[in-house]
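Labels run A, B, C, D, E and F following the written order; every chain starts at residue 1.
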Amino acid sequence: MRRLVEYAEAAPEVRAVFDEIKAARGIADVNNFWKALAVDPATLRRTWDSLRVVMAPGGALDPLVKEMLYLAASMAAGCTYCIASHTAAAQAKGMTEAQFGELLAVVGMAAETNRLAEALRVPVDPAFE
Amino acid sequence: MRRLVEYAEAAPEVRAVFDEIKAARGIADVNNFWKALAVDPATLRRTWDSLRVVMAPGGALDPLVKEMLYLAASMAAGCTYCIASHTAAAQAKGMTEAQFGELLAVVGMAAETNRLAEALRVPVDPAFE
Amino acid sequence: MRRLVEYAEAAPEVRAVFDEIKAARGIADVNNFWKALAVDPATLRRTWDSLRVVMAPGGALDPLVKEMLYLAASMAAGCTYCIASHTAAAQAKGMTEAQFGELLAVVGMAAETNRLAEALRVPVDPAFE
Amino acid sequence: MRRLVEYAEAAPEVRAVFDEIKAARGIADVNNFWKALAVDPATLRRTWDSLRVVMAPGGALDPLVKEMLYLAASMAAGCTYCIASHTAAAQAKGMTEAQFGELLAVVGMAAETNRLAEALRVPVDPAFE
Amino acid sequence: MRRLVEYAEAAPEVRAVFDEIKAARGIADVNNFWKALAVDPATLRRTWDSLRVVMAPGGALDPLVKEMLYLAASMAAGCTYCIASHTAAAQAKGMTEAQFGELLAVVGMAAETNRLAEALRVPVDPAFE
Amino acid sequence: MRRLVEYAEAAPEVRAVFDEIKAARGIADVNNFWKALAVDPATLRRTWDSLRVVMAPGGALDPLVKEMLYLAASMAAGCTYCIASHTAAAQAKGMTEAQFGELLAVVGMAAETNRLAEALRVPVDPAFE
């Protein structure tokens, strides 16, 4: 079931999602993530609908900031594909090398202090509740 | 070894770090994380020195953005203490409820697509390399 | 120490486990997982003995359900090899494309709500204790 | 921002979701997860809409199987709240003690072999591709 | 199903395991982990049998080193209960405060470099293959 | 931004770190991890300075033990690159096949009991506090 569904062979409901993604992003073909997700058209549709809403511009956070948050979460989760695609997406939205370097430093530092806080079973300060 | 080292009982090299943290943050006492880390003064010193540099203002990223990246990475790693402390820190730096809501949505969405990408073993698109 | 131990070069206690796996599964050769584990014959033996018991038919859960639970846990843990091998095993036991699609949706949804519950530090409802 | 939104104080769009959850499950009050998620009404709405679709009966998998897959994924991810709530949900759908015991055994075994496969960097067998 | 099975109420096959644990460790009562695991007697038996073999003295690694490896792995996985119990076990086997401090530093450092290596998708050096 | 910075093209502050690593380890070229980290010279410097201190000989733990703890933590975190590099480093410091086998067994066993303890939400024994 490791399969990439190409547009030419896709069912109509899959093509509809692919068309929306291509139009929204101004690209000629969708990324492998969407082609892989197409093995289950319902999950493809639901995921695209959610992602479109979550990443929509015009909210309380700048689109680049949202993309960097996505990238930081993906780095913390260790998802290789997601790190690759969201690094590219953040660059496309204007992330500079210097910003990437600082993001990297924060993610690394968070990983270290996350483990230390858990290793020492630090009780949450009353002030944080 | 689950122990919180209070200032009054702390060794001089621990007090020195505590003093720096209190001065840098303008607070009367350090958080539990630092009191717990003080069981190993060398790790306390190294961690504080690193954190101070990584989170220093004046870099390529806004301090609030860095704090939100830290929070997103901590949420993705599931560290309860870190989520509590960095939510508080981000609020102190001006994070609004609406910004927190969007950060939450991005972290949740990233968790879902991270798993889906790995579950389907999606190959990295050549364009991302 | 990244090495795959082939039958021809294997020590007698490794061959004994390989023979049991091949007989139990009706296959001509064991998968790479077992060949890799053979670098430590004691761990190979213990792992096979445990797995055989845990996955034995005739228990309270249907064999296909157990295989899908194994797959869901492996997806949640992000283990590429395990996802590949247990997807194949579940298909061999009859998992359909539609069932795989629903499993995928559940695992993705669980990943998202897992992170949200932790991000918000939701207290366990008294009714669940 | 660690806060549980009760029905009495909830905004109309939050109440609407709470009402749907209560009606769908035949319960008098929603669980803490939903009350916590209500700090961001948009995420509350999107999460409930997704969950309702993903867990809907009438699909290719039995509702109890889906609930156990959700539980297995939550156990693998180590989310305390989710383990508590989905253990209760699976019991409500008929999971027996014996079935829970086997689920537990599978999740534990998966955790061990997941780590072993990654520790040995086992290459995926060509047959699984 | 969150339940601790006490000796007085335990089934004979559970008591047998409890007796073995108490005899092997020279303690009056088993820890909560074993009482919790007793909800599934088969998993209790299999887990104790495995653990006894894996942690047996007389192997290639010193018992304290094995205990510290167990603790380091548990810290990296963020299991609160396991961190608590294996910290106590390591101390009982002679781990000093200084050794604990260095273990902590290694685990924290590993967490940081683990994330950095994955964030940068570093290709494995040919020399490591 | 997936890029390996070679010595010939490196900035002076990157070369300085590379030179220190090569001198400390007596090697002709640094590993890919350092070349990848060089995209952010500040993180490269800070990481090398920390690692050098954490892994320095002459402390309370034997250098091989520290290297094995690093490896165990990396295995538990599932970082492929780190597992590869620290397996090689541990072998270079004298880890035997038998020691590797026992380390592997401990890491696998820890993964299983970590998940079981969390799956059953085992309360921490008062004796461990």
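Here is the rule we use: contacts are C-beta pairs under 8 Å (C-beta built on N, C-alpha and C of every residue); 3 or more make two chains touch, one makes a residue touch a chain.
Remember, it's a predicted structure, so these values are computed and weren't measured experimentally.
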item: Common touching chains of subunit C and subunit B; value: A, D, E, F
item: Angular offset of subunit B relative to subunit E [C-alpha, multiple of 5 degrees]; value: 120
item: Matching chain pair for A-D (criterion: over half of the contact pairs shared, by residue number), options B-F, C-F or B-C; value: B-F
item: Centroid distance [mean C-alpha coordinates] between subunit B and subunit A, Å; value: 21
item: Geometric centre distance via CA averages, subunit F-subunit D, whole Å; value: 34
item: Separation of mean Cα positions, subunit D and subunit B [Å, integer]; value: 27
item: Where subunit F touches two or more other chains, by residue; value: 1-2, 39, 42-43, 46-47, 50, 54, 75-80, 84, 87, 101-102, 104-105, 107-109, 111-116, 118, 120-121, 129
item: Graph class of chain-chain contacts, one of line, ring, star, complete, other; value: complete
item: Residues of subunit E defined as touching subunit B within the complex; value: 78, 84, 87, 91, 97, 100-102, 104-105, 108
item: Subunit E-facing residues of subunit A, complex; value: 75-76, 78, 80, 83-84, 104, 107-116, 118-121
item: Residue ranges of subunit D touching subunit A (in the complex, touch as defined); value: 2, 42, 46, 50, 53-54, 129
item: Subunit C-facing residues of subunit D, complex; value: 1-2, 4, 31-33, 36-37, 39, 43, 47, 50-51, 54-55, 59-61, 65-66, 68-70, 72-77, 79-82, 84-85, 87-88, 96, 98-99, 101-103, 105-107, 109-118, 120-125, 127-129
item: Residues of subunit F touching subunit A in the complex; value: 1-2, 39-43, 46-47, 77-79
